[in-house]
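Both of the next two complexes hold subunit A, though its partner changes from subunit B to subunit C.
Right, the complex of A and B next:
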C-alpha cells in the first residue's frame, strides 16, 4: 500500500534522509574548502583529517574531561581551528608565492601526519560516541520514523551553511574577505591586515570541518579514516559545483547527497560511484562546473 | 594572489645552455649517471635481495611514468594508482585465469591502463591546476570502488597465486634471478622511453605547455591533444609497472589502486626531484627502502611519509637529484 515507484515508502524515505545527512556533510566540507580556496588559493587536502579531528576532539572532551556534546559542539571547533591557525602560521603561509600545487602537496603531507598519529593512538577500529539525551529517540512522521538526531544534523548543517553565507555576502567582514579574494594587495593598501585575515580564514574553514566532525561523531563511529574517504567525494562535489560560489557549494552538496541516497534505493551497487559519474558528465557538459566561472 | 609565476618545476630547471644534446639527448653528466645506473642494475642482484630490487624497479618505473606528467607537462595527477593497480589486476587475471605468457599479460595490463588513461585524461584535461589533481583523484577513487565490486579482482582478497609463467613460452621465470633480468630490462626500456619522449620534438612542445600554455596555444599547438597523449603514455607506463609487479609477486590487491598509492608515487617523485631524469628512480629507491626497514612500525610509516612530504615542499623542492645537480651545476 505504501509503495512509491515499486519501493516501500519507509525504505525510500529512509535512504532519502541518509542522503540528506551525507549531503549536509558534503555541503559543510565543500563550503569550508571553498572559503579556504577563495582567499588562500590552496586546496586543503587536510580537510578530511581536520573533520576527523573534530570528531576525536568531541570524543576526548567527553571521555577524558567529562565535557558533553553541547559544549563540545562549541569547544571542539575552537580547538581544531586553533591547530589550523598554527599550521597556517608555521607551514602554509610560506607557500603563497609558489604554485598552488605545492599547497596541495603540503596539506596532503599534513593529512598523512594527522591520520597516522591518530591511528597510532586510537587504532583503526571505531570508538562509540553516544547521542546526547536531548536528541535521542525518534519522531513519528506518519510515513516513517525519523531519528531526532538525524533531523538535528540536517537542520544544524543548514543553519551553519546559511550563517556562513550571510557572513560572507552580507557583512563588512565578508566584504573585506571578498575584496581580498579579488585583489589582496589593494585591500592591504586600504589598511586591512590581510595576512591576519588569511590566517583567521583558514582557522574558520578548519573549524567548519571540525563542527562537521562533531555532528558526525554520534552517527558514524569515530575513527582515524572517517575523513579521508569522505574528502575525496567532497573533491568531486567541489569539481561539480565549482568553488566560485558559496551558495553553489551548499546547494551542490545537499543535492548530490540526495542523489546518492536515491541511487542506494534503485541501484545499490552504483551508489559508491554515482557522484564520480556525475562529475564526469558535468566535466563533459560544463567544464567550469555548475556554478563556476570559467 | 590569483596569478603566481613560479611553475612547479621551475626550481629543477637549470639554464637552457645546458640543453646541449650528446648521445640520444643525454648530456655528458647524464650519460655518466646512466652508466652508473646500468652498472648498478648489473651488479645489484649479486649483492642485494633480488625480490627487493624487483619491487624497487617496479616503483621506479611507476615514478618515471608519473614524472613524465608532473615534471614535463606540469600536470599533477593524484590518481595514478588507478593505472598502476588496473595494470596489475589485468596482468594477474590474464596470467592466472587465461594462462597467458607473462609478456602478453604485461602488455594487456599496459593497454588496459592506457585505455583507462585515455578516458580519465580526456576528462581531466578539461580543467587546470588543482582541479586537474582533484578530478584525477576522484576518477581513481571510482576505479577503486569498481575494483572492490568487480568479480575478477577478487574484492578484498585480490588476485592471488598469479603464476610467473614462461617468458615467450620458453624461459621459465620461477627463479628470482631470471625474473630479475626481465624486470631490469622492462625498467630500463621504460626509463629510456621516457627520456626519448622528453627529448623528442613532441617533448619540447610538452615543456612549452608546462612553461606557458596560452603561448603554446597561440603558436598553433593543440595543447589539449598533447596533454592527452602525455597522459595516455604516462598511464600506460604506470600500467606496465603495475603489471610487472603483479607478475613478480604473484598478487594483485586493492592496495595498488588505493589513493594512498597515488600519494606514494607523488612522494617518490618529489623526494627524487620533479622534472629530473634520474630523480624518480632515486626517490623510489629511498621510499621503498624506507618502507622495507620501517615495515614493523605500522602507522608511523604514514607519519614519516607525511613529514617527508612537508619537509620536501617547504625546504627541499628540488629533491635529492635536483639538489645534487644544482651543486654540481649539471642537469641530471
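Right, the complex of A and C next:
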C-alpha cells in the first residue's frame, strides 16, 4: 500500500471525499449568507438558527403530519422562508439605513431567542430523524464505504449552488437584484418594487439555510444548538471567500471542507481551529477575502 | 446569572427558640437566615448537557428537600448556569460562597468545570456534591475532604462497558475521544482495562468538543481494523457519532461500538432505530424496580417532559443524604465546616429510592451497584422511554475503583 505523508493513500482519498461532503454543507450555508449580505448588506447571524429550524421543520412535518423526507425538502424551506420574510418585514427592514453592526446585533439576538424557544420546547438532547429508505446503504468504493446519503448531499448542494449562482449572475431577475444593491433609488425609478424584492431575497437566503437543515437532519443530531456549532465556521468561510461574493463562498466552502477533513487526519485536535487560522492569514494578505472586491 | 429560587421549609418557632437560647440576642429576621442551608445547583441550563442536568436536576434537588420533611432545617435552593466554562463556573461558585452564603454546590456536569469548582469549594470549606461530571480524578489525585462524587465516574464506566466488551472478544480498540479532561480520563481508564485483560489499543483520535461531523474519524477508526470503536465523549457529540456510525454501516459489518457514556436522554434523542443494540452503563434507570418507578412518578410532573437520568437521580439522592446529615448534626455545625458535614455523611449509610442502600468511602466516592444495559429494538420497546434491558449488574463493592488504587491523598495506605 502506498503511503502519502505517512498516511495510507486510500485513507487519504477517503478523507478528501469526506472533506468535500462537509464542504457541501459549508458551501450551501455560506451561499445563503453571501446572498443576504451581498444584496441586503445584513450580516445574518440568525442563519444557524434558520438552518436548525429547517431540520426541526422536517421533524415536525414527519412526526406531526406524517409528511416524509422528499416533501419536507420542498415544504420545510418554504415554511422557514416565510418566517424569514416575516422577520424581515417586522424587524430587519428597519435597519437598512443604519450601520452593519445593528443588523448583526439584531439577527444575533433573534438567533438566541429562536434557539432558546426550541430548547425550552424540545430540550437539548435532540430528536431522531431517519435516513429515507431510498438513500440508505453504502457503496463500496474500494478505498472506503461511501454512504449513499452523503453522495446525495453533494449532488443536491452542487445543484443548489449552481442554480443560485446562475439566477443571480445570468438572469434578468438577478440583474435587477444586483442593480438594486448598487443604486436602489434608480432601480425603483424604473418601476421595480425594490423593497419587495429585498424581502423575497431575504426569504430565499433563509430558505437556503433551511434546505441545508433538512439535508443535515438524517445525519446530524437534530437539536437546538446544531446551527450555532456550524455558523461560526460558515462565517469564516464567507469572510475568506470575500463578503458577498457568491462564487467565492461556494468555492471556499468546498475548499475549506477539504482542508478541515485533512486536518482531522494529521492533527485532529486542531480541526476546529484550522479554518480560523486560514481566515487570519487571508485577512492579513487580502482584507477583502479571496474573491472579494476591495 | 444566578437566580434565586426559594424553597424554604421554615420553622420559625424553632429558629426563635434557638435565638433566645443563644444568650438573648435581639431577634431579627437575619437570625433565621443565618441558619438557612443554602444549596446551589450549578449546571448547564442552556447548552449540550441541559437535558442530563439543567432544570431536571433542580426539580430533583427540590424533591429531595421536600421528601426530607421538616426536620428543623430551613433550606433554600439557588440555580446558576455555568455555560460549560470552567472560569464562569468557578466564579459563580466563589460569588455564591463569599457573597451569597451558599453552603452546598450540587450537580456540576462537565469534568473541566467540575475540577475547577472542586478547588474553590475546598479552599472555602463548603460542601461539594458532584453528580454529573465523570472524571474519576475527583476521588483520585484531586480528591477533597469537602467533596462527594455521587453517581458514576470514568473508571466505573470503563469497567462495566469496557470489561463486558473485552470479555465478549473485543480485544483491539480504537478510541474517538472528546479533547478535554473528561474524554482523556475516560479513554485512559478504559484503555487500562483493555490492556489489563490482554487487549490492545490500536489508535485514538481526539476531536474538539461540539464537533459535528465524525465521518473522518470513523473512517480512520475503520482503517485501523480495531474490533471495537470506543466513543469516549458525551451528549450531542455521542449522538452525532452514533448516528453517523449507523450511516456508514460500521456496526453492520461486525465492528463493535462501545458507547462509554450514554444517558437515557441521549437514547431518546437518537431514536431506537439508530440506538438499538448499543450497550451502555448507568447506575439508575427509571424502570429498574418499584422504588425507582415510585421516584420517577413523584418527580416526573415537574420535569416538562424530560425523564430523570442517573445524573438527576444522583442530585436527588446526594442532597437527601446531605440534609439527613445536616439535620443529624445541626444546621449550625453543618454550615460552619463543610469538611465536617462531609465526614458525617461518610459516617452514615445512604438509603433512598433511586440507588437503594449504599455508602460513601473515605476518598469521597459514593458506592452503589452499576448496571449494564442494552438498548431495546423498536419492536421490543413498549412505548416512549422504555429503552433498556438489563444485561448484568456489578455489585457496589466491585463497581468502582478500589480505594487503594485511586492515589487519593486522603486515603492512608
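What we mean here is this: the second predicted complex is superposed on the first by the 282 of 294 C-alpha atoms of A that agree within 3 Å, B and C clash if a C-alpha of one lies under 4 Å from a C-alpha of the other, contacts with A are read in each partner's own complex, and residues count from 1 in each chain.
Rule of thumb we're sticking to: contacts are C-beta pairs under 8 Å (C-beta built on N, C-alpha and C of every residue); 3 or more make two chains touch, one makes a residue touch a chain.
Keep in mind that what you see is a predicted model, and the values were worked out from it rather than measured.
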Partner chain(s) touched by A:225 [first = subunit B, second = subunit C, both, neither]: second
Which superposed partner A:127 touches (first subunit B, second subunit C, both, neither): second
First (subunit B), second (subunit C), both or neither touched by A:15: second
Which superposed partner A:140 touches (first subunit B, second subunit C, both, neither): neither
Which superposed partner A:283 touches (first subunit B, second subunit C, both, neither): first
Which superposed partner A:268 touches (first subunit B, second subunit C, both, neither): second
Partner chain in contact with A:119 - subunit B first, subunit C second, else both or neither: both
Subunit B versus subunit C as contact partner of A:149, first or second or both or neither: second
Shared subunit A surface residues [contacts with subunit B and with subunit C]: 116, 119, 269, 272-273
In the complex with subunit A, residue positions of subunit B that touch it: 1-2, 4, 6-8, 76, 78, 123, 126-127, 129-131, 133-135, 137-139, 141-142, 145-146, 148-149, 259, 263, 266, 270, 298-303, 305-310, 312-314, 317
Residue ranges of subunit C in contact with subunit A within the complex: 46-52, 54, 179, 205-208, 210-213, 215-217, 219-220, 222-223, 235-236, 239-240, 243-244, 247-249, 253, 265-266, 268-271, 273-274, 305-306
Subunit C-facing residues of subunit A, complex: 8, 10-11, 14-15, 18-19, 21-22, 116, 119, 123-131, 137-138, 144-145, 147, 149-150, 218-221, 223, 225-226, 229-230, 261, 264-265, 268-269, 271-273
Of all residues in subunit A, those that touch subunit B in their complex: 37, 40-41, 43, 91, 94-102, 104-106, 108-117, 119-120, 184, 228, 232-233, 235-236, 238-239, 269, 272-273, 276-277, 279-280, 283-284, 287-288
